[in-house]
Amino acid sequence: MDQLTKFNSATKELITAGKLLYAKGWVPATSGNFSMRLDATRIAITVSGKDKGALSEHDIMTVDYNSLPLDDKKPSAETELHVVLYKQFPEIAAVLHTHSVNATLISRTSGEELRLSNYELLKAFHGINTHETSMIIPIFANDQDIARLSKKVVMYLQKNPSIHGYLIAGHGLYTWGRAMHETIRHLEAFEFLFECELKLKGIR
Amino acid sequence: MDQLTKFNSATKELITAGKLLYAKGWVPATSGNFSMRLDATRIAITVSGKDKGALSEHDIMTVDYNSLPLDDKKPSAETELHVVLYKQFPEIAAVLHTHSVNATLISRTSGEELRLSNYELLKAFHGINTHETSMIIPIFANDQDIARLSKKVVMYLQKNPSIHGYLIAGHGLYTWGRAMHETIRHLEAFEFLFECELKLKGIR
Amino acid sequence: MDQLTKFNSATKELITAGKLLYAKGWVPATSGNFSMRLDATRIAITVSGKDKGALSEHDIMTVDYNSLPLDDKKPSAETELHVVLYKQFPEIAAVLHTHSVNATLISRTSGEELRLSNYELLKAFHGINTHETSMIIPIFANDQDIARLSKKVVMYLQKNPSIHGYLIAGHGLYTWGRAMHETIRHLEAFEFLFECELKLKGIR
Amino acid sequence: MDQLTKFNSATKELITAGKLLYAKGWVPATSGNFSMRLDATRIAITVSGKDKGALSEHDIMTVDYNSLPLDDKKPSAETELHVVLYKQFPEIAAVLHTHSVNATLISRTSGEELRLSNYELLKAFHGINTHETSMIIPIFANDQDIARLSKKVVMYLQKNPSIHGYLIAGHGLYTWGRAMHETIRHLEAFEFLFECELKLKGIR
């Protein structure tokens, strides 16, 4: 695929993902942001502040690996959080950041990490083949200083390279995968598990 | 735009908003009412008692800034509550009044005001740039005397001009914005935050 | 309208209502049954055991005021519960019987009646103009003997003619109105109020 | 019907069921698997790891009664759990295995069996004609050794041939019926009853 074809194809996948995630209630009120790796120099990412359920091709832009825009649009304030993931994990191709009620609540009521075990659905995550395991999801304090938050995330990921997502307290979830469909599968699995955990906690 | 074009355009936006809000369950059983500012003398508003998920162009009418109908239709009983908002806030263009389960419950269990803090989604409100803030939503006692209720609201707004919405106990939410899409964004953010707060309270 | 036109028109309204109610989750697993009054001798009603979200014109039949079929189809086992309502209330035109989770739970946890007050949405019921009222919904014990249950309902209605619906414990809701759209409005209001009450009770 | 027609018809039913069940949230993150009996030697079943809401004809394959693939696709890891049901119950034609939040939670909080009684909706199950009965749903410990789990299930079914479904703890539900529409009816009834029971338990 040439550069333009690749961008157009990523744009289509980002728009479709946005419709699905908005319908599920995971990106309300223009929250959330999505990206896809295009190649070694470019990442496609959603423009700041758009309704994720009604993205158009004009709402997708490109940035480089320094989080700098490659066109004249304004990227999401959280662009750097996407970029560090693509740098850290050479195999991943899509990152979704969402703001669901369940992610918000679990992130505010679980301390510094959430530990999940004994769920068949853990097998939805790449590399997990049994429910007889335990998965840890780190929870970082929310921070409007994205550079500082990015550094914290990178330090954690370097020590814990096998995780599939993390939470920011009172804010939401970041998850990733080797293709958009894998990232969506991880997201659906996380949301399922958050809902189970919250109900077991009796929070609702 | 001439007068008719403006009315037709507002009508389309009101019908589209109605479908979205009904699908979300926020205007059940013909409840709720919506409006848009047309110009310095006219406001478009939903006719009384219509199914908000199936509005037609005949279900939208115009009123003046004295809440009086400019055509032969019957405006919502709560027209004055819309009009006082357009008078109070010259910059706003759209008002949505909804009756969700969560707005009803939070308004019955939070005393005279709801205070929200530490949510990233607070940034969905115009003028808020950080989660490290605290937002207050006043809760007024329900009252079938709309003139009396309107006066209470106006007195509150004059002292607290920076709020983005208010609740009426056991009744619902009023919210507004500089365009329909901003008002919908505020509404989605309020509903998200009400759901979070209710679950944290353990009410459900 | 001639007889056939009337039947065809009622059939359309019943099919449309079925789609809406199934989508809301109020008639799962082929549960529920719906009817409309055609004239002084005939009532249109859903055939027994059909998927209410996918009704076809073949799934609607006619019965008389003795609950006897006027064609060769098998009417709902609960036909008599519909018929007694049409006899009791000459002004009503449509009856909906639904089986939602909320109706089931509220009917199993509220004793012999549910009392609702201080909800703006009470105004969705025909004849109620203020939230400053209190509405009673009787709850009958479930009974597979529909003739016996019908008699109990009739006795209650004769003493309490102003109610808009009743519950059968562990089973579901009956509600009615002067047109299908009014019955749907009553149903949506009941479901809204049941959900509020359950959450306030902390049942969920 | 010839063999190919039968396969095509089953494929259509499986794809349609997948869309419905995904929309309801019962097969998130590619979880779940579905099958239909074709004849005395062949069963149609979903291919391993596919998104159940977007199945295509290429995602359905055939296996024999030894759980062995009859084409070059990879069947679901849980194929044997489907096959033993078709062997045990000659009258059934469709099996659905789902992973809902409610099935997961009820299976983790109800010990070795769930007992349901006093629900009108019990009548949705084939052979049950009254709410005045009590239905038992066995709950098996989760096991990645499907052959071992299948044996446990068969032993239970031989002693308890009148059940309509079973749970695997932290995993999900298996249910079956004499046609796809009956299996879907059973599934909807189970999901309804799980939700009721969970809310009554106060888990949510």
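As written, the chain order gives the labels A, B, C and D, with residue 1 at the start of each chain.
Keep in mind that, in the parts below, a contact is a pair of C-beta atoms (placed from the backbone, for glycine too) under 8 Å apart; a residue touches a chain by one contact, two chains touch by 3 or more.
The model shown is predicted, which means the values in this text are computed figures rather than measured ones.
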| item | value |
| --- | --- |
| Interface sides of chain A and chain D: same vs different residues, half threshold | different |
| Rounded Å distance, chain B centre to chain C centre (Cα mean) | 32 |
| Between chain B and chain D, centroid-to-centroid distance (C-alpha), Å | 45 |
| Touching two or more other chains - residue numbers and ranges from chain D | 202, 204 |
| Chain contact topology (line, ring, star, complete or other) | ring |
| Pairs of chains in contact (touch as defined earlier), listed by label | A-B, A-D, B-C, C-D |
| For the chain D and chain C complex, residues of the former touching the latter | 118-121, 124, 129-132, 181, 185-186, 188-189, 191-192, 195-196, 199-200, 202, 204 |
| Residue ranges of chain C in contact with chain D within the complex | 28-31, 51, 99, 101, 104-105, 108-109, 142, 144, 168-172, 198, 202-204 |
